[in-house]
């Protein structure tokens, strides 16, 4: 909640100020699209730890945060990156080795939880997951739940319909609201005050943004407010929700940013190969992330021809004919 | 006269699923082969079917096959680019949801078509951890009909799931009603060997038909539970037209077909 | 729910097919903006009766339907048209004379009720109205509620938060879903299949549209689907929600249609004057509505100069400097 | 030296409300005089305040005064044109809602600042029917501070409301907490005669100050209940600058000012 007229800052500042160790964090995007990757790499660079991470199907960003050891607890619906990792690799290793407690919800439930947080209600109802183990099995113990006042006392609640079968419904599942300490999203365009515009699918970014106590918006292009206010139907984030605006071209790379660039198959395959082996992964962290000062330097090391290939075609918004094998 | 055309079991599966899609269906697609099935159906028997994704894209014009439901290819020239909230509401909605057919896969399935895509082994100390529900449980909960893709193997067709991620018919004919779920449930399971259905009375899995060259015994040998095979037929192999649509129009790069 | 590729029909046909006597109806728009007035007049012309009407603050359309005697029961948050009628005049007369049973909710509650209908859940929660008479007093009797299976058994339910004070909330109000038999909205642009685009504020039109069993979309301009699909971020209604597409230029008049025309102060004052007196109102119905065959004919009788004055300015989307006294 | 400038009580009311708006406030506006107050505040003491409407318009650039919250004038050059659902969620939201100040009017008010905008007389057989809550009850329920406009009259300041549309402090200091409402409540009541406040301990209405030429007794004579007047001051009349902003920048056509 911030009505200042200029919130532009560096990514290092934004992460330093709004992502303390132990923070409850959510990131935008979906699988291999519009993850705020520059911010993810900056969190890794600043060696943030003990994060409590909320995700629906955010994919690549989640896996890199887990791989770098930033995440202590995870609430999630789906940890995968489509054909590049049907299960996110570092996530899988962390869970199978007992290092990462996870609470499982469905995609809609995570969306509703952010929506409840954005709406300011303690829960929202759905008919999803009745009769399933998502209702019956809980990932976080009572003790964990009691220790952290930022975690609700129960995973969910099943409730009889108080309106006597209204809508042919006998029973619903109530899922508790999430109010992250900070949400980070990457958008196509923002102004200095924070008004933000997403092109293509917004996923659940808007709900995640509005649910959070603090909001960092990284943007592909920084524009004048006149441009955004010329078509306010296309903007999703009112400026007063925003705490930091960060201009980061290629800020979603190696995930896609619709109408700017496609996902980078070369990089995602490279990541996949590194992630499968602990030694190679340590080397990846060192040579690809820690050794670069910031995203600009990280991007400068990538072959221009590789980036040229993923450039979005103006008609379709993605890289037509890109070799994705 | 006819010419023999070679085809893979993945191609057979995609074609079999496409045939299950009716004109006018709204098709919920996941990643991979289910997208191909939906794309193929639009070219074959269901030109007015609508492809939509949990990410919010409605009636995507798929000029290239997406590699994830978050792929930018699903955003092109849609009717509406909404959010996750809109997509799932479309399925839970009492009017539109009835028209949705969901296509999904899983790691394990039981005799009532319940699915596990979360863990193998103990939930807290799993031997194998998978991606988790994603939208699968939502789709399985909401829509009137689901089509399930599985590899036929004993470790996948199990008497008891390690984790029930997505509700099928639960424990039988009244299972969903007792749990509080809407009407609907799994319509069929398409594997690399056969098509399984569900008995309308008992809601237990049955063998509906075998693919070319597969015997009933082969199917049963690859399952962890027995099913009725008395009504099983022989499944028509993919026609030349079906194969050409799949290969030339849907996945010319063979990104999904392999 | 309808995937046909061509749903274009006349307004008379659409109303005849989807608005039977006794139907549960909701209309889009807000006070003096983007009410589906052409459809409202056609409902009046076809002498539809016993309607159960749902509205948040839909204003002009609601008052005209009530004035013409089409409405038997009303669920509403606000019956007013801004400075043209701080309380809608025919609404007020109908309620004060005991002819119109009303159930009162808040604007947010009505919005949530449509949203619940759109989402397919029997209710949604809010903290609004706790401690107020909106919770304590009910407009519809138990008998009315029991007689019509399309009305829930209770107005609302107050519920303790099952997540032990989560979000600093002890208690919420649950409001029941609405699934109208038919919703009618007027939009700036639609194609024959039904994909629809609203410019400016959507109000609660999208929720109302998706909550309904049947949906009539009247549009200011009928466009090719290519045009709408070129920027799907700006479309709100997927075609499969739509049953009828009706092309009606000036279809919101005398309420406004952003970027096309402003509200018509001359007509709204004329209406106001007529509405205040029963005899004058009967004459208004006769000479202005019943005597015209359709909206085209009704519009043809309006002085061109009056319509020229309300034409939207291209920069602002409304009629700059319009005399609104 | 100074020149006397004539002004109306409506102008005084608008200026008094504008003075209550703090820089950085998000101002929820209704129809009429509250819009003028919010527009004026942006030109005077609260340049970084944000005007927003329940209809979904956020930070409207009001080149002309809107005649309803659904007026197309509220849609021009906003930060975001959202829907009703977004607008109310902004107020119920735990972070943004705390920054919102709501401005509203009503037909009746009681000593705790509860409001009636629904009926006079019996609910089922009303003598007078008003518009109903609209967003008023929502705003009064959610936000941290409300400013209320009233005409000072006995029939409007009543011991007991005919219908409690919008919660103020309910029945006293713990009223809102007991009911389950968020923190916050009415900050002041601006009338054609005076500004009323609420005692921080008892939450009962008090007289904060009288407008120029109004005596405490005049105020009390026009109320259906007694209030503490011991702390009442004299309210500063509108300055020449305040008046010129109101008249020239906010409502040159005098659509609201009359």
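The first chain written gets the first letter, and so on, giving A, B, C and D; residue counts start at 1 in each chain.
Note that a contact is a pair of C-beta atoms (placed from the backbone, for glycine too) under 8 Å apart; a residue touches a chain by one contact, two chains touch by 3 or more.
This structure is a prediction, so every number in the text was calculated from the model and none was measured.
Chain centres here are Cα averages; for subunit A and subunit B they lie 28 Å apart.
Put simply, the C-alpha centre of subunit B and that of subunit D have 57 angstrom between them. Chain geometry summary: the mean Cα position of subunit B and that of subunit C are 40 Å apart. Looking at subunit D, one finds that residues 75, 81-82, 92, 94, 142 touch two or more other chains.
Contacts with at least two other chains are made by residues 117, 120-121, 126-127, 167, 169, 172, 179, 200, 233 of subunit A. Chain contact topology: the protein chains form a pattern that is neither a line, a ring, a star nor a complete graph.
Across the assembly, chains come into contact as A-B, A-C, A-D, B-C, C-D. If you check the complex, the residues on subunit D that touch subunit C are 31-32, 54-57, 63-64, 66-76, 81-85, 88, 92, 94, 118, 123-138, 141-142, 163-167, 170, 175-176, 178-182, 253, 255-256.
Of all residues in subunit D, only 24, 26, 48-50, 58-59, 61, 75, 77-82, 89-99, 142 touch subunit A in the complex they form. Contact residues on subunit C toward subunit D in their complex (touch as defined above): 29-33, 56-57, 59, 76-84, 86-88, 91-92, 95-96, 98, 102, 104-109, 111-112, 115, 126-134, 136-137, 139, 158, 167-172, 200-207, 256, 258, 262-263, 312, 316-318, 320-321, 324-325.
Subunit A contributes residues 1, 3-5, 117-121, 179, 193, 195, 210, 212-213, 228-230, 232-233, 235-241 to its touches with subunit D in the complex.
Of all residues in subunit C, only 117, 120-127, 152-154, 157, 159, 161-164, 166-167, 169, 172, 174, 176-177, 179, 198-200, 233-234 touch subunit A in the complex they form.
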